[in-house]
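Have a look at the structure that comes next, please.
As written, the chains take the letters A, B, C and D, and residue 1 is the first residue of each chain.
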Amino acid sequence: MSAILRLLFLIVSLSPGLLLLAWDGSLSWTLIDGVRLSLTLTPLAGFFMVLLAVAAPLVALPMLRRPLDWSSLALYVPLVLGMELLLLAGDFISFFIGWEIMTWSSYLLLLRSPRADLETSQSYILFNLASAFLLLAGILFYYSLSGDFRIGPLAGTTFGQELILAVLLGLAFLIKVGTLPLHIWVPSSYDQAPDLFSAFLSGAISKMGVYGLILLLTLFPDALTSLAGRLLEGPAAGYLLAWIGVVTSVVATYKAIAQEDMKRLLAYSSIAQVGYITTAIGVGSSLALAGALYLALVHTLVKVLLFISVAGIVLQTGQRRFKDLGKLIERMPVSFFGVLIGIIGLAGMPPLPGFAAKYLIFVSLVDARWLLLLAAMILASTAAFIYCYKLIYGPFLGHANSPQAREAREAPLIYLVPQVILMALLVLFGFLPGLPVQVLIDPVLVALGMETIGGASWAELTTTYGGYDGVVLMLVFIIAFVLVTGIFLLLRGRMHRAGSPYDLSYAGEVPTEGTPLHYGAGMGRELHRIPLVGWILRRGTRGFYLGLAGQMRAAAALLGSLYVGRPQIWILIAVVVFAASLAAQSMLGGL
Amino acid sequence: MYHKTQCEGFQCEQAMLEVPGEAESIRQGVLERLVSWMRHRSLFVLAYGTGCGAIEMRPLMTSRFDAERFGIVGAATPRQADVLIVSGYLALKTLRRVIRSYEQMQEPKYVIALGSCTINGGMYWDSYNTIKQVDRYIPVDIFVNGCMPRPEALIEGFVALQGRIKNGEKGGYHHYREHIDWYKANQRKVLGDQIPPTYTCDWYHAGGVV
Amino acid sequence: MTLPLTPVWFVALPLLLAFASPLWVRLRLLMPLLVGTPAVLLLLALALLPEVRIAPLVETIVIAPPLGIHLQLDSASWILVALISFTGLLATAFIWLGDGESYLRDRRAFIFLLLLIAGCNGMVLTGDLFNLYVFLEISGVSAYALSALRRDAPALEAGLKYLLIGSVAAVFFLFAVVLVYLQIGQLNLAAIAEGFAGIPGPMQILIGLLMLVGLGIKAELFPFNFWVPDIYQGSHPVVAGLYSGFLVKAFLFVLFHLVFLLLADPGVAGAWLMGLGAATMLVAEVVALRQDDMRRMLAYSSLGQIGLIALALGFGAEATTAGGLFHMANHTLIKLVLFLTAAVLMRSFVSARLADLAGAGRARPLAAAFFVLGALAVMGLPPLNGFASKLWILKGFAEAGVFWPVALVLLAALIEAGYYFRWIKVLYEPRADLPEARAVERWGYAPIAVAAGLIVLLGVAPFLVDDLFIEGAQALLDRGAALSAVLGAGS
Amino acid sequence: MHAVVDSLAMIGVSYVMGFLFYGFYRQFNARVQRRWGPTIWQNLFDNMKFFFKSETLIHGPMFFFGPMIIMAGAFTTVLFVPFLKDSDWLQGFSQYGNLILIIYLLVVGPLGNALAVGSSGNPFGVMGVTRGLTRLMGLEVPFFLGLAMVMLQHETASVHAIMAAQDSLAHWGIVTNPIAFCVILLPFIGSQHGAPFDVVGAPVEVYAGPRVEFGGRLLGVLMTQRMMMSIAKLVLLVDLFLGGATNILVLIAKAFSLFLLTTVISMVFPRLKTEQAVDFFWKVPLGLGVLGVILTVWLPSWSA
């Protein structure tokens, strides 16, 4: 029985992939009077379905580790199915249904974690529902404009109507992707969610917001340009969106550096990455959209990889703070490589595909002549090196700082399999940066009516500004590495390993186990001394939202005081209201 | 912990302190000569400012005396250094650090002891916690005497050391390796439990002295 | 009395059975009959459905020529009747199967429950203003008594309070009835509707306000609903479920029925009711944020939904009205699930307070799962029925291009999420010292499961029933058809 | 075959240029300080000495591979920068890369080395890495902004194309786009670990640097890659702003003049703390860059 259920679970998790292979044609039926649901697979949705098809089974696999949490497995099913519905939606109602199923099932999954506290879960669900309701409002407004729920370009609308629509839907999707200042729910929920589910949250669910943003562009005849004209070489409305994205990345990057917890760091880094994607969507050219999609792909691979690795660490050590870990490189080598490949992808370093994605975005920014945005984006993506380094130094390098970290063993095989698959994918795309472009991204661009950017071969990534060749790059690097290592080993001389991890040049001192040698927790603290960074880090939106919640509770108390338990007051109020309205009527109408 | 060889500690002091023969002419191949030449032209100095010698070492690097023209520059950490300068008297506390730093240096490595205090305790000859003869604890290649010696004297010491390196003579570190028991016994005598950890000399335990 | 299948049975059957209760006690048939009556009524309603869909059934029982009981079963009132019967069925089934408190299973409870059903059915069906008042009093009195059934201090207090406020409401309504009769000399609703326009304007307003206050108190609209939480909290959750499930709905239906029937142009009154509905919704949802007692929280939530329904019905467009009726049905199902779940939880943990229920979801997973389902549905999250009806309502507003109710409804739903999810979170709180749960009869879950199944079914496939509601809306809105059905085509 | 010989030649040229330039730097520095200073070969001696140290301590495999990665990164960087224009030689694999790739390649190595530093477990080393990354964060913004201005000017990211466009003195980047050059100059010194911004690896004075645990041959590797990397950056700037070079002598002359300029600037400024450096980069060069963007991008677009 249990085996069959687990098999079923796996099949559900594989269903996005199966759907991609098997889906053709479309499906539609009436929900209620005048509301017709129709399912179809557009190339754009297909791209995001690919992301889901990668993330869903890879996250599902480690969830099958015993002891099984049946509730989580059961909730994962509607989550995946809801997301499929969302992507298959040919009309906004099924889009919304999928969106909402995704929202509540992910919330309930979040509750499965014993660490989830009230503030986190409330902020998660309230922000997501706010997003959903804004979406619904936007959908209804769209309906009032077009008279139909089918997703398609609008025609004959005024500027004001387009603006309202863009603001409603845009806000909904921006909450989902977690841009500033609507990001407050992201870090704590990614942090407190069940460890594996965080991977899915960051890898797949946040991408749905990206999907929505791109979908939003397709609603307008001339994408964002139709909203407010052009600025330099790009759409003026997109300039605003792009700045939102960039400010998000910058702030989130510094917040990530300041975190002392692996999962929180990854959460902020997700915000930052999605910020880049938002920027690229703001630029809106074919290069930029390709970059956005590419980055979405890479981010999914990387974040699923990283979160699963981190989940393995947490599973084996029970620790999640940088100061409690360290020196796991020897104890968890596969996880180390997982995180290593992950951060290389995350930081956008060549030769892994993270660079290809960033390259496209950078070039698109130059192409749009939005150089200031480019500078701000470089700031974020360079500062990202610091948290990437922290992420690998904290758990894996340095010194083991807790008994658990000293005795940890490698994560179970079921955690390692997805990691290895993802690593292989990332390396493959590093060799062939043009592969995702030609296979996955170009069809989307074609469907959106934009020019394609695929090059002559899979190995090449080409743009109008020039490109690079992944195979040559990889080979040169690998050959250089082998050569250097070989020559080095040919040199004469004794090379030996230190007899103890405490054999450090430490100003003549002899450090011991009790010496605070691990720099994991405090890393990046000195950034506070840089005026701009300090200014950013001292600020937060939590106070604002807590204040809002406090005001709501105060209002509740105030209004609640009306509901006193004394019948005479109820009667008095009824009579007074009656008399007052009568009086008002008599004054106005002349009784 | 360390094997007893023929004798221990101060019993065989005189034998140990004798210079192992007057610079027997060492035969070197072309490559070795080249390497020696490179080595002597480039000395990274870990200046251990224990006593008043620290004051005398600073001018060495500055414009007046300009040690850099001999290829002598400072190094921040023992890992990068070739030469350790013990500048003046060593208290027990500093001795421990000096030994530790010395052991952490990568071979080939040399020691220059600066000032009279390193030779016989100097003005601290009767101090209860000052080391009188540094070469009982670490092998000293060059002593530069004086109280304190001027930078010129120090440069002369360096040049002498360079000469020995150039000729391919065996440095003190060979001596340290060969007589580690003796050095360790001496160190233990004065430092007791405070002796630097033995893992830095793990080659010793790995079997055989090279 | 020749036709066995007439709307009269909806009132007569429960009344007759209730008055014959000593016999049933003797025959040990109390419980089967308690469940059986609404079941039979439900079957009756289903049997009448094809006829009703063709034309409204009008039944007049003449007592003395001008006086008589007019019953009118059209598509709109059919929905209410079916709803009342179905809700009654589930609630009584829960009482029977759930092996609940003895005071709910004795003769008095039997009588009052059946009277409540009879009264509500009568209110919904009647075509006569005075009878409306009578049924209003019947249902009111039985409701007061049901609240006080438990006979301990809180229950008695709740009963007394309900009695007081209910009487005030009845007085207001009676005044209105008297004034109408003075002005028109008729009590038949159709006749009144014809003559209403002839009444002088100020008197119309006075009558309208009196009715509004009277029915507003009963239908729990904003400035008149301060009694609701106390009564719901004091009553047994099953009883509260019935109040929220069909009693309020019946009053609300009556209110709107009167508005749409009496006024040739319901625009102004509709706007007033929309305003009241919006205020009810927002105020109740906000106040619910701070509630720590599950029954009280559910009471406020119920108020909020009532406000939404009032908002939808008050707008008077076909889509919103159909959606509003649909939402009535859905909300009844949802609240039934929630209140019955609350009953289970209260029985398990003795308390309904938030702090005492922390971690209850791990001790009573099934009950908690039903609570979650109900909560999701009441917030209008797909694929549950609350979504379908809310979507219908909102779509109606959007079609008309009116967006402020959309914004308010969505805002209210967001606030609602604020407290429902707090409860859900607390129910699943990881807790080392789980409270000891008392055993619950497993069959008690069956009625909840049925309602939950319907919640899901109506959410996934609302197209199965949407015709009914469209017809209901048309029947409710189409004043001319209603009048001609009673008074003949010429009028 | 051509590629192999060419690659080896590029690596050789960059190494030789590296130690000679840095030898000159040290001597020049000494002369400014009224010292004799070492010979111009001093860097070669130091480097070779480290390569022939008879003992090298490592702290685990990652510690060993770090310097290998940084060296491989340096080789790759050198091979992706075209040294000459209009020539078959000293091109490496530059036609497969572009400017942005080169900028990122410059960072690959140091990050690989950062892993090694981390795995040594020495907190001072990690502190140094953090400082290095912080400085990088500061300097990269104006640096990249300047490069972006160049890319925009030529509407390409290909170094070859940018070089080809500067066919005469009047078309040199430094003439046609002086603002970009000014924006880049100071961050460039920072990226060369040049004087006002060199607190990260401050050679003698600061214990906490990324190299704190490296000794012996590994330190030799680190020195080598730094020299080669510096030359790669110099050549890149020559390509972008000084019109490239048609033969090796011109290349050396141009690179040397640029090097001289940066050296002179380095000589006269006192060292900044890391955060001061970052703040400086964000205020002065970046401010200049913003001004440049407004002047060269925004104004023309508005007036058009």
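Everything that follows uses one rule, which is that a residue touches a chain if its C-beta (ideal position, glycine included) is under 8 Å from a C-beta of that chain, and two chains touch if they have at least 3 such contacts.
Each chain and its UniProt protein: B = NADH-ubiquinone oxidoreductase chain B; D = NADH-quinone oxidoreductase subunit H.
Remember, it's a predicted structure, so these values are computed and weren't measured experimentally.
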| item | value |
| --- | --- |
| Neighbouring chains common to chain A and chain D, by label | B |
| Furthest chain, CA centroid comparison against chain D | C |
| Pair joined by more contacting C-beta pairs (B-D or A-C) | A-C |
| Distance from chain D to chain C - Cα centre to Cα centre, in angstrom | 78 |
| Interchain centroid distance [CA atoms averaged], chain B/chain D, Å | 38 |
| Distance from chain C to chain A - Cα centre to Cα centre, in angstrom | 44 |
| Chain centre separation (chain A, chain B; CA means) in Å | 58 |
| Chain A residues counted as touching two or more neighbouring chains | 494, 496, 498, 502-503, 505, 507 |
| Multi-partner residues of chain B (each touching 2 or more other chains) | 77-79, 107 |
| Chains grouped in pairs wherever the two touch, ordered by label | A-B, A-C, A-D, B-D |
| Residue numbers on chain A that touch chain C, as the complex places them | 29-35, 93, 96-97, 100-101, 103-104, 107-108, 111, 114, 116, 118, 121-122, 125-126, 129-130, 133-134, 136-137, 140-141, 143-144, 552-553, 555-557, 559-560, 562-565, 567, 569-571, 573-574, 577-578, 581-582, 585-586, 589-591 |
| Touching residues (chain side chain B, partner chain A) in the complex | 48, 77-79, 96-98, 100-101, 104, 107, 196-197, 199-200, 202-203, 210 |
| Of all residues in chain D, those that touch chain B in their complex | 26, 30, 33-38, 42, 45-46, 48-49, 52-57, 203-207, 209, 211-216, 219 |
| Contacting residues of chain A [partner chain B, same complex] | 494, 496, 498-500, 502-503, 505, 507-510 |
| Chain D contact footprint on chain B (complex, rising order) | 35, 38-39, 41-42, 44, 62-63, 66, 68-71, 73-80, 82, 105-108 |
